[in-house]
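Structures for review follow.
Next come two complexes built around subunit A: one with subunit B, the other with subunit C.
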Partner chain A sequence: MASGFGISRTVLRKSGQRLNFGSIGKQCDHSLQVVRCSANAAAPNTGREPRLKTFSVYRWNPEGKSLPVMQKYEVDLDDCGPMVLDALIKIKNEQDPTLAFRRSCREGICGSCAMNIGGINTLACLSRIDPNPKKSTRIYPLPHMYVVKDLVPDMNNFYAQYRSIEPFLKQKDSTKLGVENYQSVEDRQKLDGLYECILCACCSTSCPSYWWSSDKYLGPAVLMQAYRWIIDSRDEYTSERLDKLNDPFSLYKCHTIMNCTKTCPKGLNPGLAIAELKKMLASHNSYKTPIAASQ
Partner chain B sequence: MSVANFKFLGALCSKTHNPALRVIGNNFFRVSATLPFSTSSQCISQSSEREFLLRHQVSSEKKTNKNWVIYRVASLGLLGGMVGCFLAPGNAVIDFATVTLLVHHNYFGLKSVIADYAPLVFKDWFTSMLYFTWLLISIVTLGLLYSFNYNNIGFSKALTNFFKL
Partner chain C sequence: MHNRKLIKMSLLSRVLSKQHLVLSNRCRPELFAAIFSANKSSGSAQKQMDDFWAKNKSVNRPMSPHLTVYKPQLTSMLSITHRATGIALAALTSGFAFSTLLPGTAVAPILAFAESLHSSWLGSGFLLDLKFIVAWPLIFHSINGLRHLMWDRASGLKIAEVYQSGWFVLALSALLAVIFILPWNKINQK
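== the complex of A and B ==
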């Protein structure tokens, strides 16, 4: 039986997007639809009716004095790639260069383009455009984050919380310096489903508890990484890491809402990681040590 | 390699808004400035002992994990108690146990709700007052239910009577 986050547990869910191609889509298999999309994108527009899709995008300029507005853009889907990021780049190139959003890898591995598309937090580069012309796709920045401009959220609090869990290997035995840290296959399997996190913040910003307490509750992304280091067999500061989470806010503001697992664009399961953390802490004994005043 | 990492972390910490982290970051700089190139194990253990605690983590009493276990055990106990109310109505032990667990469960449940939402809307002193008010209501409820168990038919009998309506 696989241990920890082995494949047999539903940690690595299928991270495909729901394909809304109507009745046609339901009969075809996934690979066929991908081929059809790319073929459409590559074919030149030979005077046909443009297949226009409306994108309603959140716009706000910090230098202006106006409140945020939703701006509509029409994009010809026959002349655009299949993903929402393709549409955003096309809008920025051809219609409105002032539209601001983060992007980098365009393949769902960097986590830069995390935003709220159609009410769901995902990566724009992995979110397929719904081709239904009657509905407009609503694009918002990640919920309950301070907005720098348009679709760019302020990630500093998120990064500070990640820093606070000390996401690096810590060892007490200094004789291990410069020596390989051997790890068994089973111990390495425990990290599967945890190390793949790209810190896009989709999960944390989908959590209502994180919306209301983002100053003190660490959020599912950071907690999953805390768990990743706690169960890493090479790390020797397990007890101290658990102690750090032993307060009413850092971990225990999780009320198992499970929005995090539902929204993860990589198919990971932060909710499960948090539950495992609670289980580990249940049998853990913390001794309150006074913090040195010299700090 | 290790010293470079600590300097990087120190630089990160110094730039943060969190005062605790900034202090630690400044201390990092001081340590690595005197040792520009070092493979000393003492340097590593020093940095590992530094804490990256956020303010609310520093002031915590470190007993939330035990409280969490108590809440879960009490919830299971309450489940058993409610079943017992129907299986053995009139039993004094079940009456008092169920009532105690019920008030315990409700008190901590609603306290958690107040803790989630009240700080968003009210000032800190008002939130503290809400906690105290809820505690008073819970204590009064417990007292009244105890006297109901003692002087009247008891919680389980009242429950079974209600369902007979």
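== the complex of A and C ==
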């Protein structure tokens, strides 16, 4: 029984990791405050010592009346990829298939796996596991968001705010039809550092101001995209776009805390974009004509 | 032969209809908007937001943790210190100003109290600590205020610059606070 099963398991492991071992291994008891699930059932029989790392993950089940709990999982780092997402997928495959999280590209471009790892918001697929076995890696969903299940937050408010700034090219002059929108090299360079945003929401959910006012404050991600369309030389609705930010909350709830730029997993700078927006709005309100960003 | 003609015709009509859509987007934007509600996005974006709050308030979803889990960083810690020192200074200043309206408030008893502290068993070090506790918030808030003014000009907002200026403000405010509270009259006497 044991040896035959062991052999087949080793063979499967070499060919691919994406097998569901859900029925094998311990079932974890959700009634405990902190629960341990070990990887012993799936450990290879090569006699090598597993290099175990503990992951403490936020869990909440919408079915059932329980409160959120932290659940601990142990993962053999010698049998796992280097990133936190690799560990999460391994946990889901081998230990607990009920663990819910978003993921897609596994290369830091889609923005699905944004979560709070080790206290800061990053993409799980770009966050290297700290190999220190004495510390456990704490994984939470993005802060101050309604939780759908486990590590999955409700992103609909974020998307609605993005939609509200009208993130598309708008032109008034219909005689330009059939002609390309020429843009100089200098004007195109102004968009560098802005268009690369993947809308992962790491920055907005790291902002304490957005925590307290996410109904009215747009947040750094959306504001950076508002700036991206305002300074696009091809867009002709600059004045209207600036007018839309002219209230106490949408833009001006930014107090330059700068958690956003610190946490951006793509290395972008929303704080700087917002500061430029404030300058533009100041001259817009003074002269009632939009003045291009001074750079 | 007949099949190929049918396929060609269907492809052609599909291409033409696509071009027609593109044309209607560019040359008759109001028509396109009316059909596809593109320019009414603020109205329906608002509705999406209202639906979001309505749904989440009715379901018993928990709020993900924030203050208890987010790592304290120089960015957020200096920002909250700026806010806290600002509140403390405002309270102190207006409290002191208000106290002058009250009858019988004079400066002499406060000085006498400070002198008594100096000679008491707590020693002059305790007085210096108290003075530091009053002086440092004022000096930190002022210097960090200059940093904020620099940020308002969109200068020094790269994250490396934010950290450099942050440590600089902390060091400078501690240094200046120590310099300001030293008993210079007694030092110069020597």
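As a working rule, the second predicted complex is superposed on the first by the 238 of 295 C-alpha atoms of A that agree within 3 Å, B and C clash if a C-alpha of one lies under 4 Å from a C-alpha of the other, contacts with A are read in each partner's own complex, and residues count from 1 in each chain.
Just so it is clear, a residue touches a chain if its C-beta (ideal position, glycine included) is under 8 Å from a C-beta of that chain, and two chains touch if they have at least 3 such contacts.
Everything quoted here is computed from the prediction, not taken from an experiment.
Q: After the superposition on A, what does A:Asn259 contact: first (subunit B), second (subunit C), both or neither?
A: Only subunit C; A:Asn259 stays clear of subunit B.
Q: Just subunit B (first), just subunit C (second), both, or neither: which does A:Val179 touch?
A: neither
Q: If you stack the two complexes on chain A, which partner ends up touching A:Glu166: first (subunit B), second (subunit C), both, or neither?
A: A:Glu166 contacts both subunit B and subunit C.
Q: Return first, second, both or neither, reflecting whether A:Lys278 touches subunit B, subunit C, both chains, or no partner chain.
A: Both partners, subunit B and subunit C.
Q: Once the structures are superposed on A, label A:Asn156 by its partner contacts, choosing first (subunit B), second (subunit C), both or neither.
A: In the superposition, A:Asn156 touches subunit B and subunit C alike.
Q: By residue count, which of the two partners contacts subunit A more extensively, subunit B or subunit C?
A: C
Q: Mind working out whether A:Tyr58 is in touch with subunit B, subunit C, both or neither, as first, second, both or neither?
A: Only subunit C is touched by A:Tyr58; subunit B is not.
Q: Once the two structures are fitted together, what part of subunit A is touched by subunit B and by subunit C alike?
A: 156, 160-161, 163-164, 166, 174, 177-178, 244, 255, 278
Q: Note which residues of subunit B are touching subunit A in the complex, please.
A: Against subunit A, subunit B makes touches at 2, 5, 12-13, 16-18, 20-21, 23-24, 27, 39, 41-42, 44-45, 48, 50-54, 56-58, 60-65, 68-69, 112, 115-117, 119-120.
Q: Considering the complex alone, what residue numbers of subunit A touch subunit B?
A: On the subunit A side, the touching residues are 156, 160-161, 163-166, 168, 170-172, 174-175, 177-178, 209, 212-213, 216, 237, 243-244, 246-250, 252-253, 255, 278, 281-282, 284, 286-288, 291, 295.
Q: Residues of subunit A touching subunit C in their complex?
A: The contact residues of subunit A facing subunit C are 58, 60, 62, 67-68, 116, 118-120, 138, 140-148, 153-154, 156-157, 159-161, 163-164, 166, 174, 177-178, 206, 208, 211, 215, 244, 255-259, 261-262, 269, 271-272, 275-276, 278-279.
Q: Quick one: which bits of subunit C touch subunit A in the complex? Just the residue numbers, please.
A: Result: residues 26-27, 29, 41-42, 44-46, 48-49, 51-53, 56, 59, 61-67, 69-71, 73, 75-76, 79-80, 83, 148, 151-154, 157-159, 162 of subunit C touch subunit A.
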